[in-house]
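The same chain A turns up in both complexes below, where it pairs with chain B and then with chain C.
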Partner chain A sequence: MSASLPDAAPAAPGDETPVRRFPTAPLFLSGPAALLFAALVLTPLFLTALLSFNQFDYATGRTGGFTLEHYLAVVTDEYYLEIFLRTFRISALATAICVVIGVPEAYILSRMSNPWRSIFLLVILAPLLVSVVVRAFGWSMLLGPEGPVNGALIALGIGRMKLLYSEGTVVVALVHVMLPFMVIPVWTSLQKLDPAVEQAALSFGASRATAIVRVVAPQILPGILSGSLIVFGLSASAFAIPGLLGGRRLKMVATVVYDQYLSDLNWPMGAAVAVILLAANLIIMLTYHRMVEGHYRRRLG
Partner chain B sequence: MTRNGPVALFFHALVVIFMLAPLAIVCLVAFTPENTLSLPTRGFSLRWFEAVFHHPDFVQSFWNSLWLAVLSATLAVALAVPASLAITRYEFPGRGFLNALFLSPLIIPHLVLGVAMLRLFAVVGAAGSFGWLVAAHMVIVTPYVMRLLIAAISGFDRSVEQAAFSLGASEATVFRRVTLPMILPGVTGGWLIAFINSFDELTMSIFITSPSTVTLPVRMYMYATESIDPMMAAVSALIIGITAVAVLLLDRVYGLDRILVGQH
Partner chain C sequence: MSFLELKNITKRYGPMTAVGDVSLSVEKGEFVSLLGPSGCGKTTTLQMIAGFVEPSAGTIRLDGRDITRAKANSRGLGIVFQSYALFPHMTVFDNVSFGLEMQRVPKGERKPRVEEALSLVHLSPYAKRYPRELSGGQRQRVALARALVIRPPVLLLDEPLSNLDAKLREAMQFELREIQRKVGTTTVMVTHDQAEAFSISDRVVVMEAGRITQIDQPYRIYEHPETEFISRFVGKTNLLPGKVVTATGAGATVSLAGIAVPLETAGLSVGETVTLCIRPEKLHLTAPSGGLLTGRVADRFFLGSQWLYHIDGPLGTLMVVTPNDGSTPAEQGAPVGLDWSPSVVRVHRGAMAEAPDVALEVTG
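And now, the complex of A and B:
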């Protein structure tokens, strides 16, 4: 997202060609896609926003009228407050761990030479393309009562632990799913870094640690920030991981929306939670864009 | 000077193990001869793969997912080629808005898209239809296609097209014989990444599939919440296999690092 928006902004070179003979051409060209997105993105989001203000009758299941009770419930009902707090806590923890693991890993990758660099980049990034259900299932086997992790704990004399259906398991699996999203932007900003600068710091007598903290870290900070926001946003709306590894009691925002829609059939309540989730995501992303643009403007200016 | 110290390499090894362990255990357990989820310590068996192929629900969901991914990827490319041409080559009012709209499914949580489409389909009376499911998948894969196409179109030399025009080629001929071949890596790369994303999609699909259109990830999710036996591992191993083939193809035609590193 962040990488392609600035790229697309300037018109392609060679605009002096007489392609503008038909001023209606872009309309025809982008019309079909625009219609699809109007019908299947804008309309449903608008309908859902409207739905979230509807009253819900538990006895008949009918919806209608106008009410703010669903939004009030989210900020007053302890059940929802707890779920939003838990989602925030789990996502923040997963993000922090992704920074601690992903940033050094991207740095180590960037210092490797080919072919190892390409191979390990593939190893770290390719799991992104495997269905999240498969990865969640893999973790449930690794951490299950008969799994290898418990086997190792027993062999070490610690004894069997109940690992599944805990916040810790959800965090570990989220880190596994989100780590590529942290490595990618940090890797990208490391590619832009001139290794000679780090060399210069070292040759002036800076220690390895000083060179990393004072020279490398400030330059990859936008990448770390970008990765953190993507990881946080995706974790906060993650569905399969808490659904499969959190069990019945450990609900997160996404699994609550699912319950509201498909078990309780209280669509307006589910819609209100979904609207809040969407708003939070958009605020995070827009804040990020503003921050990164400001950062580059300062550096260029 | 590009060497990593022993501590760094140890850390790196741990990260690699962490990333591969869940996939490796799934592939191993899929070959177990036992009735429970366990590592195949007493020889390998294909019985659970056989069970998958004789399980009508999984077979039907597999075909649903395959058709859905092929159709939505193809149609998304068909819409995205002209749309990216419009966005990269023309200046028109609303261009920025359209560009943002086409990329918006990347920042709207799939969960939100799922409930939103469920509402729309209920309103227009299309709940559970396969055609609408294809359209919904087109929406979520289009941004991936658009990004590769916009990069491909802005990166190529327009003078080749002008040469063809000046030699008397019609617009259709220029598009077919010059433009399309030049952006072909973007088109095939976009199609593959769209296919993978549609084939794997769970969170939106779980809201808008009906019993007859259930996709493979949704079927697996439902199955895993109810019962867990090695069949689940066998299906997962098959999915890892299919994904690996698609990834290798993608790497050949476009370069995986270019797609992934350009992805976010």
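And now, the complex of A and C:
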């Protein structure tokens, strides 16, 4: 998952002195991190990809050989298709809501003066200090049949509602968990904005809303883009939230992978689902990135 | 009544007064500069005219209308920001067109007006470029075109040339003035650069510590600075402390370290402590013992069209500027005489203030 910011540097200028020795210092300096990345990320990914092509024998539980049946099964089975569609629908919805809430939040934050700005930045970041599992349990207590939300609904005469184990609940909890990942990149790109640009728009007679839509928003678009890529990627592969708040029936891809590995013990199938999720995620995010960024590359550089 | 009128404008931030009791009248079509060191309140004053900062007290009137509390986006002023504040995601054309669009000028009328504004600043071929594809000087012109295209009653310039290199700055100064004359827009410019203020303004407003200390034509401010601060801030100057020894109705004599110097200033009283200001270019080098003082050339600097000498003498080190007329300059260490006409000496009453190094920092 690349959350690459769009201000990627242009290609390094070519060496002007052809006699210069091949630089070794950068290799040595980036070596340890590269090794760590290869050992801890690429190796398991490679092994997972290999595993997904293994045959699986239900009787003995042994794996081996080569087959494409798991991929075929995932692609053709409507059960899996539905889970993939649901995952991307929930992730897209969570991302959209994060944009709608997070962008104004970051804007308001950037307009605050100091004691309050620091306090509210802390309030926004503080949830990151609490484990996702704890926060998921927090939501399930809030929204449970005997929870305060249902208590209030009953008191208001609306009656008890089934809130848990629904798509809505998963989306709400995902938004809650992912919001900081939207606010931070947008806030960063707002910091880079020249405040005089907004004043300029006002001086030419633009209303505050017009100034924001026409002048501020287009300039923080790269931040919104990075934020939505992070939020979408993390949501699509989220496990704890759908696992705890989606229950047994409302499955998302990550929970299916978990089931395949630990309930069905069909590791190759789980691996195939995981690889497809990775590929689908990459395709969706790269397309999105292209679409939005290509549009703005020439303008913002 | 003046076109733009500031009356007792004050801005306080907590206990600190950024701008105190500033009153200023600007006539229609006039080019006025607010000049002062950083932190003197000139930018805050401009921001209050623009509507980005609300005055704590006082009134601002534009063409008879009270705009003190009017919102920035209802004033219709053209503003050129120090950072230019161009819209980076819009082309030059769209940048200039933005103000017209906000004024709901019909589309058919917008295009010719934008083109006219761009040709005024010689940028017609760049209409389709984005700001980051332009040089500093070109961006500056886009900012100017963008401010002028809406035909504002007043043009506000906030340090418009400070981000340009020296050569371009000089060229833009004259161009700015030429454009302003052509369009005839009333203009208020903020600057800390006295050369900039002097060369293009009709009147200069010198500000110090949030207050106006002098409003006058550039030439008058240079020749008749009302305070010692102004004489130091505006151009180079020699400040000489002395005591009045004789005073008549038509002049006086001041003793500078035992040397009697005649003055044409009336109204001084005997025994008074005064500070004399003499601009370096008003001093002449003469043959030794041919002038009022004698001294020795401590240092000399070649400035192209001029020579700058540091002359050590009984009054300390004096700066002397002489035009480079092609003759052989005085050698370092050579004895010289210094002479000046009594009419060029300006007198400030009272002792010399401390910290004359302010002058060294800001004079150009």
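Structure notes:
Assume the second predicted complex is superposed on the first by the 240 of 301 C-alpha atoms of A that agree within 3 Å, B and C clash if a C-alpha of one lies under 4 Å from a C-alpha of the other, contacts with A are read in each partner's own complex, and residues count from 1 in each chain.
The definition used in the following text is that a contact is a pair of C-beta atoms (placed from the backbone, for glycine too) under 8 Å apart; a residue touches a chain by one contact, two chains touch by 3 or more.
Predicted model only: the values in this text are computed from it and were never measured.
In the superposition on chain A, A:S207 contacts chain C only, with no contact to chain B. Legend: residue contacts after superposition of the two complexes on their common chain; A:V215 is shown touching chain C, with no touch to chain B.
In the superposition on chain A, A:M291 makes contact with neither chain B nor chain C.
With both structures placed on the common chain, the touch criterion links A:L153 to neither chain B nor chain C.
By the document's definition of touching, both partners, chain B and chain C, reach A:Q199. More residues of chain A lie in touch with B than with the remaining chain of the pair chain B and chain C.
Of the two partner chains, chain B is the only one touched by A:P127; chain C is not.
Shared contact residues of chain A, touching chain B in one structure and chain C in the other: 199. Per the touch definition, chain B reaches chain A in the complex via residues 1-4, 8-9, 11-12, 15-16, 18-23, 25-26, 29, 36-39, 79-80, 82-83, 85-92, 95-96, 98-113, 115-120, 123, 135-136, 138-139, 142, 147, 150-151, 153-154, 157-159, 161-162, 196, 199-200, 202-203, 206-207, 217, 220-221, 224-225, 228, 232-233, 236, 239-240, 243, 246-247, 251, 256-257, 260-264.
Taken together, the chain C residues at the contact with chain A in this complex read 50-52, 71-79, 81-83, 85-90, 98-99, 102-103, 130, 132, 146, 150.
Put simply, chain A touches chain C in their complex at residues 194, 196-197, 199-208, 210, 214-215, 218-219, 296, 298-301. Residues 1-5, 7-9, 11-15, 17, 19-20, 23, 25-30, 32-34, 36-37, 39-45, 47-48, 51, 101, 104-105, 108-109, 111-113, 118, 120-142, 144, 146-148, 176, 179-181, 184-185, 187-188, 195, 199, 226, 230, 233-234, 237, 239-240, 243-244, 254, 257-258, 261-262, 267, 270-271, 274-275, 277-278, 281-282, 285 of chain A touch chain B in their complex.
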